[in-house]
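Structure, as structure tokens:
As written, the chains take the letters A, B, C, D, E and F, and residue 1 is the first residue of each chain.
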Amino acid sequence: MNSELLKDRKKLMTLMKNSDPFFEEFGGLDDKAFSQGAISKKHKELTMVSISIVQKCEECIIYHLGECLNHNATREEILDAVKIGMMSSGSTSYPYGRLAFSFLHDNKIL
Amino acid sequence: MNSELLKDRKKLMTLMKNSDPFFEEFGGLDDKAFSQGAISKKHKELTMVSISIVQKCEECIIYHLGECLNHNATREEILDAVKIGMMSSGSTSYPYGRLAFSFLHDNKIL
Amino acid sequence: MNSELLKDRKKLMTLMKNSDPFFEEFGGLDDKAFSQGAISKKHKELTMVSISIVQKCEECIIYHLGECLNHNATREEILDAVKIGMMSSGSTSYPYGRLAFSFLHDNKIL
Amino acid sequence: MNSELLKDRKKLMTLMKNSDPFFEEFGGLDDKAFSQGAISKKHKELTMVSISIVQKCEECIIYHLGECLNHNATREEILDAVKIGMMSSGSTSYPYGRLAFSFLHDNKIL
Amino acid sequence: MNSELLKDRKKLMTLMKNSDPFFEEFGGLDDKAFSQGAISKKHKELTMVSISIVQKCEECIIYHLGECLNHNATREEILDAVKIGMMSSGSTSYPYGRLAFSFLHDNKIL
Amino acid sequence: MNSELLKDRKKLMTLMKNSDPFFEEFGGLDDKAFSQGAISKKHKELTMVSISIVQKCEECIIYHLGECLNHNATREEILDAVKIGMMSSGSTSYPYGRLAFSFLHDNKIL
């Protein structure tokens, strides 16, 4: 897959929503679960970094690390989230932990 | 991994089968499970699209979407299969749903 | 956990929906994904039997087998769905395949 | 398995640690990852509720919900953690969400 | 599920094989993969203990621990297999490690 | 992600260890679990090939196949480990089995 479209997340999300109202509702429910609530947006994004490592989803790790930075999570908080993800899912999550460190290094956080 | 061989699925399947009879039997049993039966081949391939999203297997998603088209699944049936996969496995399957949409767009289905 | 409530699925679903509107929307979206559509309700329930075996979810297997019977899936179709689930996820799904057979036997299908 | 020992988590943990120093170190590292840090103990336990639902681990869900209560997480924060877990892993996590609600009901939180 | 049949693994396996030849072939292929080969039966069963912990499958853990004992694996080899399983899949595998220790204790190995 | 750093596993491991002592301890515990013990280093690496296929982790598969070769596992032992991984996790592990065969071919083992 070298689809040009695949690189353009926004266009793809629009295509999904235009194809069937289910995907618009799915996106809306997702936004609701992860927006500011009793748990803050920042802490939800930190949780998603941990879950993305547990789920071994590369794209998710990069996306939620970016969101952590957008919501002013500190270097130490992000490292804590990576620890939680790696400790929860063990050494088969090592490549996903390394991906997180690589992103943090490229973004001058580490 | 930039192995030339990896791109050539057929040669790799032949290599597997020639290396040990186990892999030939595994392939034969797999063919049996997914061939036309009480459930039609088309519906089995639609089910495999859903399962591939649940399992977060990129190569499987592309392969089974191709098989859906080969067995005349409609656009609406394929969208239903993507919905089932995404609803079953939640928002961490988003990147895999987007991959499916990208494939469908590249193949002029969407 | 021997909660009386846990045995009463309906009361628990009501408690969820009353606790927070998110759970009502989640349930509604779930209903939408699995209702009759381009893929029939019967075929969606067969797919969910396969996915439940892949996901190793005991309660899900029992629930969706019951729904298959409610929507007139045949013995052969259900066996096909079990095959797809077990072939997709391998021999660590054996206990879940046996659970399906036990249910089918208790319900005089096998 | 109706082992008396299995019900006695503390004795089992002692047995593990006495059997091989690896298990003592594993436990120590686990304690380190989940103790108060840049992310608070309360938020780590909330994250573990979400991860336990994603991982479909019944014992983990009950344990971490109890820890959330021990660390003064509010009803609303716990519901947010359940939402994150269910939204991340979709409708096959329904039985695990219901387990959480059943625990919260039995403990007079809901 | 309190099916009498579920407790009787052998009868259930016979029911599966008699229902459809697929399940007989699946069982045969499974036997082939896990029988004595270049890797010994004992080491294959030790590997299956690790994989069963990684897969969070309770019935599989008990079954393969029993097979380890049947094939004269030592206490130390079994502890190594539990370590590999827990280290590979992290602290969410704790309940499954404890299940293994409980079984080993009940069988006077620990 | 085209990070130069990501390609340099050693530098990334150093960055992790220098960022927080947790990662050094995690690495040390991992080394302990997978070093020569009651189960030999060679058999532990073979087990890790099986687990890496079960976990669908591409980088892990390549790494542990390399370690198998470094510890003098035979062609037949490695094929047995691939069989165990594929049989345990079914046909959705096919792409990961093919990756293993591609690596073995590129390294003149097959």
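Structural remarks
In this section, contacts are C-beta pairs under 8 Å (C-beta built on N, C-alpha and C of every residue); 3 or more make two chains touch, one makes a residue touch a chain.
Note that this is a predicted model, so its numbers are computed, not measured.
In terms of the stated touch criterion, the partners common to chain A and chain F are B, C, D, E, listed by label.
Where the sister copies chain D and chain E meet, the same residue numbers recur on both sides for under half of the interface positions. Of the two interfaces, A-D and C-E, the higher number of touching C-beta pairs belongs to A-D. Most remote from chain D, judged by the distance between CA-atom centroids, is B. Centre-to-centre, using mean CA coordinates, chain A is 29 Å away from chain C.
Rounded to a whole number, the gap between the C-alpha centres of chain C and chain D is 25 angstrom. Averaged C-alpha coordinates put the centre of chain E at 22 Å from the centre of chain F. Looking at chain E, residues 22, 26, 29-30, 33-34, 51, 54-56, 79, 83, 86-88, 91-92 sit in touch with two or more other chains. Taken chain by chain, the contacts link every pair, so each chain touches all the others.
By the touch criterion given at the top, residues 56, 58, 62, 79, 83, 86-87, 91-92, 94-95, 97-99, 101-103, 105-106, 110 of chain A touch chain F in their complex. Of all residues in chain F, those touching chain A in their complex are 1, 3, 5-6, 9, 12-13, 15-16, 19-20, 22-23, 26, 30, 33-34, 51-52, 55-57, 59-60.
Chain contact summary for the complex, chain C toward chain A: residues 22, 25-26, 29, 32-33.
Touching chain E in their complex are the following residues of chain A: 54, 86-93. Per the touch definition, chain C reaches chain B in the complex via residues 29-30, 33-34, 37-39, 43-44, 46-48, 50-51, 54-55, 74, 76-77, 79-81, 83-84, 86-88.
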